[in-house]
Amino acid sequence: MIATTTEIRVRYAETDAMGIAYHGSYITWLEVGRVRMLDEVGLPYRELESTGYRLPVLEVHAQYFQPARFDDLVSIKSIMNQMPTVRMRIDYELHCADRLLCTGYSLHAFVDNAGAPTKPPKHLLEKLREHFS
Amino acid sequence: MIATTTEIRVRYAETDAMGIAYHGSYITWLEVGRVRMLDEVGLPYRELESTGYRLPVLEVHAQYFQPARFDDLVSIKSIMNQMPTVRMRIDYELHCADRLLCTGYSLHAFVDNAGAPTKPPKHLLEKLREHFS
Amino acid sequence: MIATTTEIRVRYAETDAMGIAYHGSYITWLEVGRVRMLDEVGLPYRELESTGYRLPVLEVHAQYFQPARFDDLVSIKSIMNQMPTVRMRIDYELHCADRLLCTGYSLHAFVDNAGAPTKPPKHLLEKLREHFS
Amino acid sequence: MIATTTEIRVRYAETDAMGIAYHGSYITWLEVGRVRMLDEVGLPYRELESTGYRLPVLEVHAQYFQPARFDDLVSIKSIMNQMPTVRMRIDYELHCADRLLCTGYSLHAFVDNAGAPTKPPKHLLEKLREHFS
């Protein structure tokens, strides 16, 4: 199991006319959490791309509990509960202080530069295995 | 059952470095479909807001099948399968020509101006009932 | 001189906590106007890209007069006042009904697939020349 | 003169099909820089809002020199060259390492909760004066 936490501050651009963060903004925040997780694992997404891999999103889900507001400091916890196979699933928990804002998950495929499905890169699996043994 | 269809064209702003529409862009497109559905039902969201209602998103889900690209004409089918109670659920199917791009749903609460949960507005239920009888 | 007009409706995603359309949303709307202009000229941007050209933005400017609100119908007038040379400039005027919302312009270069500056494509100049003679 | 610097990392959501950061993303980054500047001055925008002020954007300008790419660390320098009068102008310089990406400025009005133009709040002017004496 891998869990990493990163923080963002809500931008004005991310709010909407309800006076709170637009629900779609959270989808981008999940991306921020996911990218930081791969950084911490030691295999930045940028590097994955440069070695010919892409991790397109197959599925995304978010459940909203409390609103975030402009300038709120939102902590994004990203959790990988199991080793990726042909799919990689990441779960998320977003908090502002001790308020739970949102939970969600994203499901990803591994594809090569041509967009064809492929196995997860070996060096990614090796890096991840350290965390699951 | 209510089903309405609207169309958008993929903006460059909505694409990402994979050369396709960013998965988060679809969440906004679901909103476009939902707003158009309320228009067609005869109760524009704008009017709902002006009479003191908000329909915040409780949950959103999207599953991606095929990518959309810049300038693609995407049709957004929004479907209400059952009358709203304290919750309103809308399902979505997005196509580009005959390619299925994405399916999803959103779940909404009804709240008043102060953010307190409330029953769906009577005039909305009346309008909807015509479609479910 | 070429002038084309297209319309968008303000999405909830494009509003902010001031209750109006976020000023950055207009920059995307300028793109929508520009893309539609190239469509009407008979040389869609998509086609320009497929023949190896890109028109990156060198400069963008917007001046805001009146706010747009959720669901407002915004008309985007895009104007090309002179034939492109190594640069292409487009001016914009955005209205909601008879209210002037915003004026602006964008300045573009022509680059090839490798990102190197290049002359505007001949077929674009030919199409444009019809409008400037 | 006040100058503050903050950093963002380019999100995948902020890239486009050219493989670089979408030009409109920079407009949001200017906002991030501006908000951080007000924080450092000791008068967070959030507080300004809670005391009944808004600083809508009257004008925004950006000039692009080099592209930013996904995951790039972009430093945003925000500069206030003169004390605000009825208007406030902020200039920006964006770098990635030693590459200049973008320069720009934004011009703001001060308005009250009702949207009527007003003088800048006294406590803001006092805070700023310390930097201009």
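For clarity, chains are labelled A, B, C and D in written order, and residue numbers in each chain start from 1.
Simple rule for what comes next: a contact is a pair of C-beta atoms (placed from the backbone, for glycine too) under 8 Å apart; a residue touches a chain by one contact, two chains touch by 3 or more.
The model shown is predicted, which means the values in this text are computed figures rather than measured ones.
Peer 1: Is the number of contacting C-beta pairs greater for A-C or for C-D?
Peer 2: Between the two chain pairs, C-D has more contacting C-beta pairs.
Peer 1: Could you work out which chain's C-alpha centre is the most distant one from the centre of subunit C?
Peer 2: A
Peer 1: Report, in whole Å, the distance between the mean C-alpha point of subunit B and the mean C-alpha point of subunit C.
Peer 2: Distance between chain centres: 27 Å.
Peer 1: Measuring from the mean C-alpha position of subunit C to the mean C-alpha position of subunit D, what distance in angstrom results?
Peer 2: Result: the chain centres lie 24 Å from each other.
Peer 1: Please work out the Cα centroid separation of subunit A and subunit C, and write it as a whole number of Å.
Peer 2: 33
Peer 1: For subunit C, which residues are shared contacts with two or more other chains?
Peer 2: Each of 12-13, 24, 28, 31, 70 in subunit C touches at least two other chains.
Peer 1: State the interface residues of subunit B toward subunit A in the complex, per the touch definition above.
Peer 2: It comes out as residues 18, 23-24, 27-28, 31, 54, 56-64, 67.
Peer 1: In the complex formed with subunit D, which residues of subunit A make contact?
Peer 2: Subunit A residues touching subunit D: 11-13, 28, 31-32, 35, 44-46, 49, 70-71.
Peer 1: Note which residues of subunit B are touching subunit D in the complex, please.
Peer 2: Going by the criterion above, the answer is residues 12-13, 15-17, 19-20, 22, 24, 69-70.
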